[in-house]
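Paired with chain B in one complex and with chain C in the other, chain A is shared by the two complexes that follow.
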Partner chain A sequence: MLLRTLALVFALAPVTALAVPSQVNVAGTMKWVSDAPVEKIIGTADGKGSLTIDFDDLTRISGTLTVAVDTMKSGNGKRDGHLRSAEWLDAAKHPNITFTIKAVKVTQPTTGDAVKMAVLEATGDFTLHGVTKPLTAPVTLKWKGPKVKITTAFNISLDDYAIEGKKGIVGNKVGKQIAVTVRLKGKAN
Partner chain B sequence: MTRVSALAAVCLFGISSAHALPRMSLTAGSPCITCHTNPAGGTGRNELGFESMNQVGLWRYGDLGLDFLDAERHTIAGRVEVGYDFRLLVARLGQLTATADESGEKIVQVPDYALIPMQFQPSVAIQFTDWLKVYGSYTPGPKTLSDGVVCDNVFPGQECFEAALQFESPGLPLVRMGKIQPSIGIRLDDHTAYIRGDAANRSGPIIAPNYAEWGAETMYHPVSWFRVEAAVVKPDNLDEALNGVSETADLGAVAYGGRISFLPQLEFGGEIETEAGDDDFDDDFDASPPAKPTVINTWVGASLFASGDFNLVTGFVGVGGHGGWEVRAEVSRSERTTTHETLNAMVAASYTPVDWLSLGLRAERARTTTDRDERRADQYVASLEFFLLPGVELRPEYRLVETESSRFGHAVIQLHTFF
Partner chain C sequence: MRAAAVICFVLALVAMGVWVAHGQHLATLTEKLVEREVKDEFGEEIVEEWVDTFEVGLDITGPVAGGLVALGFGLLLVNRRRSRRGAPTDTSSG
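Then we have the complex of A and B:
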């Protein structure tokens, strides 16, 4: 009887773990695209984050996602150097880009059986180049048991974050808006 | 005897010009104007170009305590950019000599290797207003210092200087006026390249390195994947190249040029999944983070340069990736008044595993058909570009040239410094 009870407890353990907010460490890729008339730049960076997710109440998601400026790559090491320089992102002073989630709205409730998916709208503080602004972004959350995938896409304006670059470059060779796409995955503890 | 002429063609070019590097554009996906003043590339870097240059080198000046050599100091008052391009070549200079021994057997003597000053090309660009820039460069020749010949061009049709007013404003077509090289195919500026040469006269290319004419060109680049250039020039140097020795082309008062380029960037992988499914939560979920997209830069285009009965048509294609690799091919065909048709092709590839080292391969074929005969020349080049310090490059090359009657291999090494 004792063995049966123990077996039942262990069998239900993962489900039980997801019934309360779970700590999820995620890691992945940020893609960023600058599309200006003279030049289109498609770059990537490494992202990571620590989230608290209540799979039964997704509006309670909280946490912070971080991208280290030093991991940003544009396909050209020389250009990456410019990107990190004081005239652009100033990685020495502002080494990280962060998004801290403050509120979540469910725009498409959870669907699916083995793999579940929900579409959310996350609002939070986006910090870039030392400037923090509110940002709302659509987020797709998919999970299967403890495995979690998160994707989001949004645009940011360089002007909003006091990124001026070299005179005459923004709007001509670098887009005024940067399209950002983030793909992360991790496992609930 | 034929071997003698082959060697002469390889070695007797005293002055070259700055090599435009299409590989930079194809691997980074950036047009030449991102780093160069001249939208067609070549000597004369803008501020971004100098800063880029400063980051390429096995060693940096700062590592050696030589910060005062830092290339960031090239700009004067934020408006004047100065630079130079200097090349020294170690190669066999001179002609093969052929003598017969007592039995009548031909003995060929190869010249020794020599250190050859190949080029010194200073350049300057002045930004007068946000929309007006003046730029220029000058290339002295072998007799400039010794005999005071200001314009001592080695090739017929070569120009010793390029100078232009450049009007550039975001959203509007760029216009440059002055002594300019119109956009023809992919600018290479390599005096050893056959793509715009003539197999029947390898010391007299159709379009010489540093070719330039008085005229104007406009470039319109409305979106990142499309660019078009149109030029009108006075073809004095083209006339010298085609008619300097004998009249072969009846040129008009002006020459017209046009180039159209498509530069789409292709992206593979890294797609966002928006549908639920169980195929993406597989067993290797923990193995790696989501894949990053692979970006392929492409360049497909064609150009036409024509005057009177002469025309030069070029088609080109190139692909390159962020991993530092690129492959490009170009075909060019020319006709003129007399029966003198050229059909040349080039395939080139390079791989840049680290910023300071690039490996290159190039194969070229040149065919010229005249009313007398058909001549051909093939060339295979393997090279290394080794950047010791920012602006200091060693470039060993091995070059194999084959004609219908000869085959000759030649190793050279070039020291290239630029600022």
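Then we have the complex of A and C:
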């Protein structure tokens, strides 16, 4: 009986090991584009996050991605200062932009051998300028061994997050919608 | 004096020409985001990086051109007043 139990434990061990979700610390860049009638502004910010990923069941992914407002840049120092000021993103009061994943749907199951890839739809709470709203974004997840790469793109409306700026600027010099692309890489522990 | 006014107007036009040639930005860019394709362990991907640049914007060329136009008109006005007073005027521009 003991031998049988031991045999069962050893037989199930690899399965159990695979089923344990991995802790993945990711870091990378968030690119943002404001396409307004008067000017197109392209900028970046540094992003990082801590995710728990079960590579056997991607619907169990959880975690938070964070972008520090202080790291946002657009190629013009004065404009970056305005961007972080109380009139716009108010970095002093709201230093981070966060996305906390609440639910994940697999829209394209895992493919590939050496490099595995899956396309997901992540729904969560997106917090910007101190305002939290639900957000659903398509996510491409690639992994090779312990190395992980996450790509996502979505649009946000400045109106939704109470970002007004100077009167008459939004819609003319700054787009009402901001296109966001996030590319993060990390390693599973 | 009229010649100096004409030079001011021409320089204002040059300033605006430089602005157009630099991409017509509102704000002067000191860094530019450049995309390049790289290959990593996951395949090909696009990587963005900031490179130093100087693309003059309307924040600099606007006041410069405006100032030159104002100076040009000022010089024309002074020239006109002088001619009304009977003082010798500068007609070197032809």
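In this text, the second predicted complex is superposed on the first by the 170 of 189 C-alpha atoms of A that agree within 3 Å, B and C clash if a C-alpha of one lies under 4 Å from a C-alpha of the other, contacts with A are read in each partner's own complex, and residues count from 1 in each chain.
The working rule: contacts are C-beta pairs under 8 Å (C-beta built on N, C-alpha and C of every residue); 3 or more make two chains touch, one makes a residue touch a chain.
Since this is a predicted model, take the numbers as computed values, not measurements.
Model built by superposing both complexes on chain A: chain B and chain C clash.
Note on chain A: of its two partners chain C and chain B, the one contacting more of its residues is B. Once the two complexes are overlaid on the shared chain, A:46 sits against chain B while remaining clear of chain C. By the touch criterion defined above, A:35 reaches chain B but does not reach chain C. Of the two partner chains, chain B is the only one touched by A:172; chain C is not. Once chain A of one complex is fitted onto chain A of the other, the partner contacts of A:115 extend to both chain B and chain C.
Once chain A of one complex is fitted onto chain A of the other, the partner contacts of A:76 extend to both chain B and chain C. Touch criterion met: A:144 reaches chain B and chain C at once. Looking at the shared chain after the overlay, A:155 reaches neither chain B nor chain C.
In the superposition on chain A, contact of A:27 is made with chain B only, not with chain C.
The superposed model built on chain A shows that, among 76-84, 94-102, 202-210 or 382-390, the segment of chain B colliding with chain C is 202-210. In the superposition on chain A, chain A positions 29, 31, 38-39, 42, 44, 73-79, 115, 142, 144, 147, 149, 173, 183 are in contact with chain B in one complex as well as with chain C in the other.
Residues of chain B touching chain A in their complex: 27-31, 33-34, 47-48, 51-53, 55-56, 130, 170-171, 221-225, 265, 267, 270, 272-278, 280-281, 285-286, 289-293, 295, 321-322, 355.
By the touch rule above, chain C contacts chain A in their complex via residues 25-33, 41-43, 45, 48, 50, 53, 57, 59.
Of all residues in chain A, only 27-29, 31, 35-42, 44, 46, 73-79, 81-82, 85, 111-112, 114-117, 140, 142, 144, 147, 149, 151, 153, 166-169, 171-173, 181, 183-185, 187 touch chain B in the complex they form.
The touching residues of chain A, when paired with chain C in their complex, are 29, 31, 38-39, 42-44, 73-79, 115, 142, 144, 147, 149, 173, 183.
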